[in-house]
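Next up, some structures in structure tokens.
In what follows, chain A forms one complex with chain B and a second complex with chain C.
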Partner chain A sequence: MNKRLASSDRAPTDWKAEAMQKRIRRRYAAERRFKLMGLAAVVLSAAFLAFLLATMAANGARGFMRTEVALEFDFPALALPVDRAQLSTPGADLALAGAELENVVKGAASAAYPGPVPLISDNGWLTVRDAIKADPGILGRKERIWIPASPEIQLALRGEGDPAVVTGASKLEGLGAIRTGFNRDFLTASNSTDPMVAGIWGALKGSLLTMAITFLIAFPVGVLSAIYLEEYATRNRWTDLIEVSINNLAAVPSIIFGLLGLAVFLGTWEMFGHQFGPLLPRSAAVVGGLTLALMIMPVIVIASRNAIKAVPPSIRDAALGIGASRVQVVFHHVLPLAMPGILTGTIIGMARALGETAPLLLIGMRAFVVQPPQGFTDPATVLPVQIFLWSDEVSRVFVEKTSAAIIVLLVFLLAMNGLAIYLRNRFETRW
Partner chain B sequence: MSPFALLFLIAGLGLIAWLTARARAMRFDRGGAKRLHSLPSQHGWYVAMWTVLPALLFLAVWGSVSPGLVREAVMQHPAAKQLPAFDFEREALLGEASRIAHTPGAKAFDPLAEQLAEPTRAAEKRYGWTGTAAAILLAFAGGAFAFTRIRAGFRARSRVERAVMLILLVASLIAILTTLGIFLSLLWESLRFFGQVSVFDFLFGTHWSPQVIDPADPGASLGAVPLFWGTFFIGAVIAMIVAIPFGLMSAIYLTQYAAPRVRRWMKPILEILAGVPTVVYGYFAALTVAPAVRDLAVSLGMTYASSESALAAGLVMGVMIIPFVSSMADDSIAAVPAAMRDGSLAMGATTSETIRRVLLPAALPGVVAGVLLAVSRAIGETMIVVMAASGAATITLNPFESATTVTKQIVDLLTGEAEFDSPKTLAAFALGLTLFVVTLLLNIVALAVVKRYREAYE
Partner chain C sequence: MTETAPAPANDTGHKMSAKNVNVFYGSTQAIRDVSIDIDMDHVTAFIGPSGCGKSTFLRTLNRMNDTVASARVEGDIRLDGEDIYSPSMDVVQLRARVGMVFQKPNPFPKSIYENVAYGPRIHGLAASKADMDGIVERSLKRAGLWEEVKDRLSDSGTALSGGQQQRLCIARAIAVDPEVILMDEPCSALDPIATAKIEELIHELRGRYAIVIVTHNMQQAARVSQRTAFFHLGTLVEYGVTDDIFTNPRQERTKDYITGRYG
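Our next item is the complex of A and B:
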């Protein structure tokens, strides 16, 4: 009783008093500050992403464009020592190179523009060669051919570089002998030392071949082991070990998989395999695909297990109840229902593999590959590695190409992630 | 026959086996007590498995044996007598011979290789056809054997299901094999390295310059402490200074303050940050961030400012890690029982007071575990540091100076010349082993923390 009295002795807090009002204002101000900090963190992160993408887009948009110059060739007057019958044979390249076509084209270019920099790019004469091969008839007439300009001319057209070159380029533009348009070679050609004719098709094809190997190995193995662990495995030391190793593999840095690929696929092969037969080229798509498959397998296993776990037990019970075997329960009922989730996880894993660079650098997929790979054992490179290789180049034109290649890579990744989100939304079932 | 065509053929045979066996099972005499034990399709699977699996198994074995047989046959050729006894040259010659045998019109540098090309081609062709014929024969034999066994009472289903279980088990063992493979291959190469360089020199030496290795004392220039420091400085200090506040605050904002619509849009947008390939970040760091950081350093009055500063790589790495920290923080805040939050709000605390005094302390173990995992990510990250950090190994506290990391050095050491036995390349494996062990420990500690903390509220 006394105690209660004692506590009621104290006057009730006067919330209207100045001190209390100040305290509440201070607390609310702190609240607003805290909320603003949170908002700032979100906005700044998003702004960084926007800045990154905008930088790439601004640089990359130019990488898709190419400047070309028109050169007039009076083929009858030039009298190239080429036999026309040869032009439809596989020896055509050799015959035209033997006819000094390169010097003829370069001579014509320096006659048209006697400036301090070359007018056409190093490999520009190949355009003329291909034009002659496509239509040998032009050897009998005058022909105007569009040839890739040199990097200096391309930059000068935008007003960059030596002022003398800039005025020369704008004079050519006035004559209508120069144009800038979409560079189809960029999507159809392979790597080259000449930035004007270098393209990403070789790297893209290498990526596709590598991804095919990765998918063919990682998907079945990942899904099957997820089924085993989720549906059949009894908990014992072995399954615990499997689980621990899968979870750890998912967190192992990607470069370690590169070391594994180097030591096992190439090192062991060189040590023991050489007594058996020819060596695999260090940069074959099959080696890269195997390495990446080991890397993304845990991702697929974990996603598949979650998808299988999400299928309600009542479905299993019902199937077992009408006499299905445990294998039938899984393969006829659980797996089809879990498939959208499994595919979503697989696509996300594949997207990760597509963007991965470090392990492929280590196993040697950084080769300079001029021909698109024809098969899984040909030397190949992949898109991210191509980006890395180009980023080392000094030429401004290569800088733009790097960004353009990044745009292509991001478009692929976006498409894959979009597909994953679509699959999830379209087929996801809430039980 | 090319391997793919052969695989196709065997798969086709399997399909035919499946169809015929199923058709046969459908016509079994079911009169009287003799009921079919298994479904017709299960009989089909049984025969198909017997057709395909032995043939594939044989091909796998043959694929590893037949190159040896080819080699044997080539060695029988008279021209092989002139082969140099020295291992390396002989390998080069035989490799060239086989290359010529495969590519029509190729020319050899060495006439001997050209002489050997023809026997190589002949032997490969002979053994190729032998293997093909044997595989097809085996497929037919297996199929026929299984086909004779099926009848109405045959337990095809239990046999097929046992085989399926075996396949599942083998698939799940691949994870263990991979872990084991990583560990053993790293350990094996590291042991070779430590045979030449003492462990003490490597782990505690402070001088790293693999470009010039004194063959008498390789350990003197392979001290990895500067790399460990650089890795720690870039990945665990600078990157975390960016990632922890941003990740934590955006998780708090999105879970506690943002309207559901904002959350639905902003969360995937932030997750795009994690989906951008690291090579793109690396390019961005080298092209845009590093020059900006150098300019900042110059304007701050630093006379020597590196364009490969630790700060540039660390900043970009931190941004990359933001969504990772954010989603870990999100999970652990969501795991705090709602009663604690409601109780605090009911007592009159503001939302921010509830978050700071109740939610965060309760979620702290989860957040710490998330940060540990983020650190393990950051120190294993390669492309950003390869493209934006420097190769010079220095120990410095100044973020504007250059620093190098373990991953960057691994790439640098292994993309040089291809000598597989030098201490220089083997050092990369020792660095890899260190990285593997450290990230493994970080993960184990983080998972243990999460597990203990989850139990506290259940």
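Our next item is the complex of A and C:
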């Protein structure tokens, strides 16, 4: 009663008073300040992103281009000691080996350009070999063949490097014996010590094989664990412990998973496991995939659990109420409704695995691999590791290729994220 | 406590009979020693203030409480004389025989047809596509929804209005040919017109099924039911013919509740 009296004793609130007006102004100022801060944050991150993309595009665009020079070969005059009958058999390389093709081609190059730097790249003569293999008929005539130029010539065309080479290169350009175009080898060849012929196909294929293993292991195991934990497990100390462990695993640095993969799939398996199954090879996509599967499984479990948790309980009640069993409830109703969330989480996890380097270095996927892997057990490397290896190289051409490979990787990551958004919208159920 | 049960609880003659049922959630007791009989051709209403245990008790009748990990049920509940909590009782079949309609309409986010066909399909009740079509049509007709949806059976069930959704849920429940239908406040989320339609439907369904309806609306209980059970604080205070309960309650607490003294 007293309290009431006291409040009615107070003077009525004066909404026009100076102090009140000041409070209102301060409130508006705080609002504006906060909006500006948010805007500044967005602009800053957009600027960083634009800077990254611009640098990558500027450097990487050159990585996709290659300079080639044309050399004239008068094959009848050279009279290469080659058995033409063998050229269409698998023994073609052997048949050509006797011809000392490398010296012939390099001799022709230094005749065309007797400068201080080689005209064609170290492995350029392989182009001639492949041309002969593709069409043995050219051995009977004169032929003009485009051969990858040496890195020095490629840079000289842009006006970089030794001035003498620059003038030499522009003279050749004037003769029409030099051209720069899209380097298809970059997408179809594998790693090489020669920057002019190195490509990313091997690494890309390694990435795809590794991702396939990762998905096949991590998706079913992760989703089934999530279903069990959400729909079947009773909450007790053990499930709490499992939940905490999974959350912690999701935060473990990836290199630790590399050590785990090394210890389990290579170390322990070699010591004890190989009596039960085949030995797992080092540097192979299968071990890389298993290791990355361990790494992204917690992410998939957490995303799937959240998606399953978000399915309204009324749907479970509805299905149980007409006599569906637990499994039917899960697979007919809960899982389809949770699928968009599960897929989004899985693809984000897969994108993380696709960009991962550290754990793969530890299980030997940093090997120098010239042949694209033919299967899951062949030595392979992956895109991010290829980028890492190339970024260590001195040659300017490798630096540009590094950027180009980063662009390819980013395109794949963007495609995966785009797929995640598409699938989410496609399968989303509207209520 | 149960002195007002209309007939002595013996297993024969009653569709369902509960004897001395106690339900616990962890260490709290939600239902205390409830005994009740439910008969065919009757609508039995459970009334009582919020939290009195009427929904909890309803959910023990088809073992929906099994999904709550901490829930524990003691006592004896029989369907046609068969103990529904015995290990030999298949809970999936039990829930098909004792169907349920929930407080909030909860159609599956699938087509109207699929909503009704789901139950018969998982129980293998339809031999062919034509058979299934027949079940769907018959169920929707019985639920009074057929005329409204017959031209758009492939539309999503969630696109219907609230009242239509609830009737769809009723159609879904009767599609598996249950013997008892439990309704947990089926009209609490509906407007008066939709409520009237559901009540009309309950009248029509009465001849085929034993219906148990939980409601917090006493007028509704008076309108649709033949028997009324009044729950308070987890106990069954009074159970009898609806007219008697509303005009001449024997218990003081029942009288106070239906005259609006509390609740």
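In this section, the second predicted complex is superposed on the first by the 375 of 431 C-alpha atoms of A that agree within 3 Å, B and C clash if a C-alpha of one lies under 4 Å from a C-alpha of the other, contacts with A are read in each partner's own complex, and residues count from 1 in each chain.
Assume a contact is a pair of C-beta atoms (placed from the backbone, for glycine too) under 8 Å apart; a residue touches a chain by one contact, two chains touch by 3 or more.
The shown structure was predicted, so the numbers you read here are calculated from the model rather than taken from an experiment.
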Check the residue A:L337 against both partner chains and state whether it touches chain B (first), chain C (second), both, or neither. second
Under the stated touch criterion, which partner chain does A:A303 make contact with: chain B (first), chain C (second), both, or neither? neither
For A:S325, using the defined touch cut-off, is the partner it touches chain B, chain C, both, or neither? Pick first, second, both or neither. both
Should A:V399 be classified as contacting the first partner (chain B), the second (chain C), both, or neither? first
Scan A:D317 for contacts with chain B and chain C and give back first, second, both or neither. second
Regarding the shared-chain residue A:A99, is it in contact with chain B (first), chain C (second), both, or neither? neither
Tell me which of chain B and chain C touches more residues of chain A. B
By the touch definition at the top of the document, which applies to A:V287: first (chain B), second (chain C), both, or neither? neither
So, does A:I132 touch the first partner chain B, the second partner chain C, both, or neither? neither
Considering only the touch criterion stated at the top, classify A:T234 as touching first (chain B), second (chain C), both, or neither. second
Dual-contact residues of chain A (chain B, chain C) 325
Touching residues of chain C toward chain A in the complex: what are they? 62, 64, 67, 69, 92-96, 99-102, 104, 106-109, 118-119, 122-123, 156, 158, 169, 172-173, 175-176
So in the complex, which bits of chain A are touching chain C? 234-235, 312, 314-325, 328, 332-333, 337, 429-431
Could you list, by residue number, the parts of chain A that touch chain B in their complex? 27-28, 30-31, 34-35, 37-42, 44-46, 48-49, 52, 55-56, 220-221, 224-225, 227-229, 232-233, 241-242, 245-249, 251-257, 259-260, 262-264, 267, 270, 273-279, 282, 294, 297-298, 301, 325-327, 351, 354-358, 361-362, 366, 384-385, 387-388, 391, 399, 402-403, 406, 409-410, 413, 417, 421
Under the stated contact criterion, what part of chain B meets chain A in this complex? 64-65, 67-68, 70-71, 91, 95, 98-99, 102, 157, 160-161, 164-165, 167-169, 171-176, 178-179, 181-182, 185-186, 188-189, 245-250, 252-254, 256-258, 266, 268-270, 272-273, 275-284, 286-288, 319, 322-323, 350-353, 355-356, 373, 376-377, 379-383, 386-387, 407, 410-411, 414-415, 418, 420, 428-429, 432, 435-436, 439-440, 443, 447
